[in-house]
Amino acid sequence: MEEMRVVFAGFGGQGLLFAGKVVAYAGLLDEHEVSWLPSYGPEMRGGTANCSVTVSDEPIGSPLIMNPNVLIAMNNPSLIKFESEVTPGGKIFIDTSLINREPERDDCQVYALEATNMAEEAGLKGLANIVLVGKMLKETGFCSFETIEAAIRKTVPPRKAALIEKNIEALKLGMNA
Amino acid sequence: MSEKVLMKGNEAIAESAIRAGCRFFFGYPITPQTELAAYMAKRMPKEGGTYLQAESEVAAINMVYGAAAAGARVMTSSSSPGVSLKSEGVSYIAGADLPCLIINIERGGPGLGSIQPSQSDYWQATRALGHGDFQMVVYAPATVQEMADVAYGAFDIADKYRTPVMILGDGMLGQMMEPVELPERKTDLPEKPWATTGHGNVRQKNIANSLYLDAEELEKSNIARYERYDQIKANEQRAELVDCDDADIIIVAFGASSRIARSAVRAAREEGIKAGLFRPITLWPFPVDALEATKAHAKAYLSVEMNMGQMVDDVRLVVRDAAPVDFYGRVGGVIPTPAEVLNKIRQINEGLGE
Amino acid sequence: MAETQEKIVYQRPHSLAPVVTNYCPGCTHGIVNRLVAEVIDELGIEGETIGVSPVGCSVMMYNFYNCDFLEAAHGRAPAVATGVKRVHPDKVVFAYQGDGDLASIGMAETVHAATRGEKITVIFINNAIYGMTGGQMAPTSLPNQVTQTSPYGRDVSTAGYPVRVCELLSSLDGVAYLERVCVDSPKNIRKAKKAIKRAFQNQIDGVGYSLVEVVSTCPTNWGMTPTDAFEWMRNNMLPYYPLGVYRDVVADGFANAAEAAAARAAECPIAMAQNPQLDEIHAANAARVEGGDR
């Protein structure tokens, strides 16, 4: 596969690190090389949060992504911060429930969906992150549905097992959007 | 073979240490090693082990001293400023010839510095962490898998040579997740007849001590320790060489910066530049022998570090006049990019053409 | 010739090694070292005992005893003892420290080992001066006491006040037993030995952290004869550091420090709450110890 370098960015609490972990686990299950790197520090306290996920067939160099080919942005500051870093031809996914500006890049494919509103209307409050992962899966085809479903089962901690089905619902919601 | 799981580097070290038979962890909170201590706090009580959050880094390393003398596999973890605080205790541990594992998940310095990744404690780790003539074995893993592997083996090395061992990581390696296959649990741990366990009226008393008021006695103990260091240098040097066989330019890098260097070397090769990566896995003993061998064909060396130039001294000590040794580094928590390193490689390559 | 029957009335305790110590003539360390050894002998625990010596005049104690010993960095004996005790909870671990070691550079280790309720025994020699380095002001030096580093007498307006260790530690919940004694007379020596024995017995019985403070002298650095030093100690130190028991949870009717702490926190809901998770961990670990799996 072509190396996929995804930056997930938004506010703390939107589940971006979790979404990144789902994608990384999917890569692991398909026996690719993967890395997941969070931003850490004061940003844990409700500021911006982002993580870098690389899925590749080569040993991964720096896990810190400077030139993503996929960006998932869940607020305005994240779009502003990371948009310019996306490689030409890359894919940008934005949650237009929370982002009220148009991406400026015309050399990337932009996928806009009201992920937060969609999730809330479907009774999946808090799962806009996975809705976006679903959309990203549909547009990149980086793994099979079975793989990502298995990745969700691996990633949701046992004490929250009740949320597995809701995550899968959110995934489908995004894939069909 | 156990299943591959996604784990943070900090957690992989902790789990691997438990599987290596470590049941005692003494530490103090500091970013960015937090997950390691938190993981131990969760796991140790359920393994019948001890997780103790000490009142200070100083107390923690002295608890390590006590537990190591008492014969246990024991460790502590911290980050740069906290490791400085431990330095007194590490000197005593080395002086009393006690085995233990110390983790440093480095952050930017000096002083309070930053909490972002850094490699600025290379000198501290390799030149002696604390007063007096001593060294300790220092591993610099570059992947989460390698963090698990070196943590697993570190206790054996510590016991074999009766020395403190350090794993030098950084905020990036500690915080990142990668697939890791965890090792099997160790069952047969070595006997420690020298340990202070209470003599039970069946043997002479044991003493853990680093005090020798007689100068000649102290000299003797130092010389004996350095004979062990010679064995370590002969047996324990480790390095990974990538594309070095025909390389004109050898990039020397360890830990996180070696990952960036690896990307840059790959890109250089795609441009037709004969670059290779020399990655020390042991920082002490520095893999002198393997680096020495590259001198037969290498025309230039470049040390890439997340500091102002520390390991480059060790590279120069090996390369000497055989070829120019250059340095590229970023500091303060700034992570160099593959593009920056590639630029530097191109510059060096152009110089070779002249 | 009448047959004489030999009766031993006084001999070196077995746990004390037949070596010459480094203590000055008239120093109380020698008395207290011997008392500790007598207690170890009487309790029959030499083979189970692990000592920790400090930095100070008693730094070489590891040579004076026949039990296992560790030499700790200055002030760190309680932390070192903690490490040993956690590995060998069934063994007897004691730390022996002077005033600079315990109450100055090692105050954090002292307070925290005490509040954790480490089941260790601490013997604290308070002679109001740094002996080994040649007579500097200690954390327990008295107001106006002349030392090398308080040449005009301890100036409380700049150097502050002495630390009363037993009083300070007596507020901590992990502490089982605190007593201040002295060794200036046969009667007081017997009392001191009784206190030291209690402090060891408490550890064997799992009662909690125990410390015995011995108000002592330093004839050499005080610049006095041993008898004058005792006189000075009685006149000046005992009014500042009154002898007596400062905490004794057993005398207060509790089985151990934990029970006393619980009684004190009776009004605090979270402190008194049931904790099934911890109960489970404790039960599992008790079973491990039982099964010899630790």
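Letters A, B and C mark the chains in the order given here, with residues in each chain numbered from 1 onward.
Definition applied: contacts are C-beta pairs under 8 Å (C-beta built on N, C-alpha and C of every residue); 3 or more make two chains touch, one makes a residue touch a chain.
Since the structure is predicted, the reported quantities are computational estimates derived from the model, not experimental observations.
Trainee: So which chain is the furthest away from chain A, centre to centre on CA atoms?
Mentor: C
Trainee: In terms of C-beta pairs in contact, which of A-B and B-C ranks higher?
Mentor: Between the chain pairs A-B and B-C, B-C carries more contacts.
Trainee: When the centre of a chain is set as the mean of its C-alpha atoms, what distance in Å lies between chain A and chain C?
Mentor: 60
Trainee: From the C-alpha centre of chain A to that of chain B, how far is it in Å?
Mentor: Centre-to-centre distance between chain A and chain B: 34 Å.
Trainee: On a C-alpha centroid basis, what's the spacing between chain B and chain C, in Å?
Mentor: Result: the chain centres lie 38 Å from each other.
Trainee: What residues in chain C touch two or more of the other chains?
Mentor: none
Trainee: Note the residues in chain B that touch 2 or more other chains, in rising order.
Mentor: Within chain B, no residue contacts more than one other chain.
Trainee: Among the residues of chain A, which ones contact at least 2 other chains?
Mentor: Touching at least two other chains: none.
Trainee: Mind pulling up the chain A residues that touch chain B in the complex?
Mentor: Those in contact with chain B are residues 21, 24-25, 28, 33-38, 40-41, 58-64, 66, 154.
Trainee: Within the complex, which stretch of chain C touches chain B?
Mentor: 46-50, 52, 59-60, 62, 65-73, 76, 79-88, 91-92, 108-109, 111-112, 281, 284-285, 288, 293-294
Trainee: Inside the complex, what are the residues of chain B that reach chain C?
Mentor: 24, 26, 45-46, 48, 50, 52, 54-56, 58-60, 62-72, 74, 88-89, 92, 96, 196-202, 205-211, 213
Trainee: Which part of chain B faces chain A closely enough to touch in the complex?
Mentor: Chain B reaches chain A through residues 4, 6, 31-32, 115-116, 171-172, 175-179, 256, 259-264, 266, 335, 337-339.
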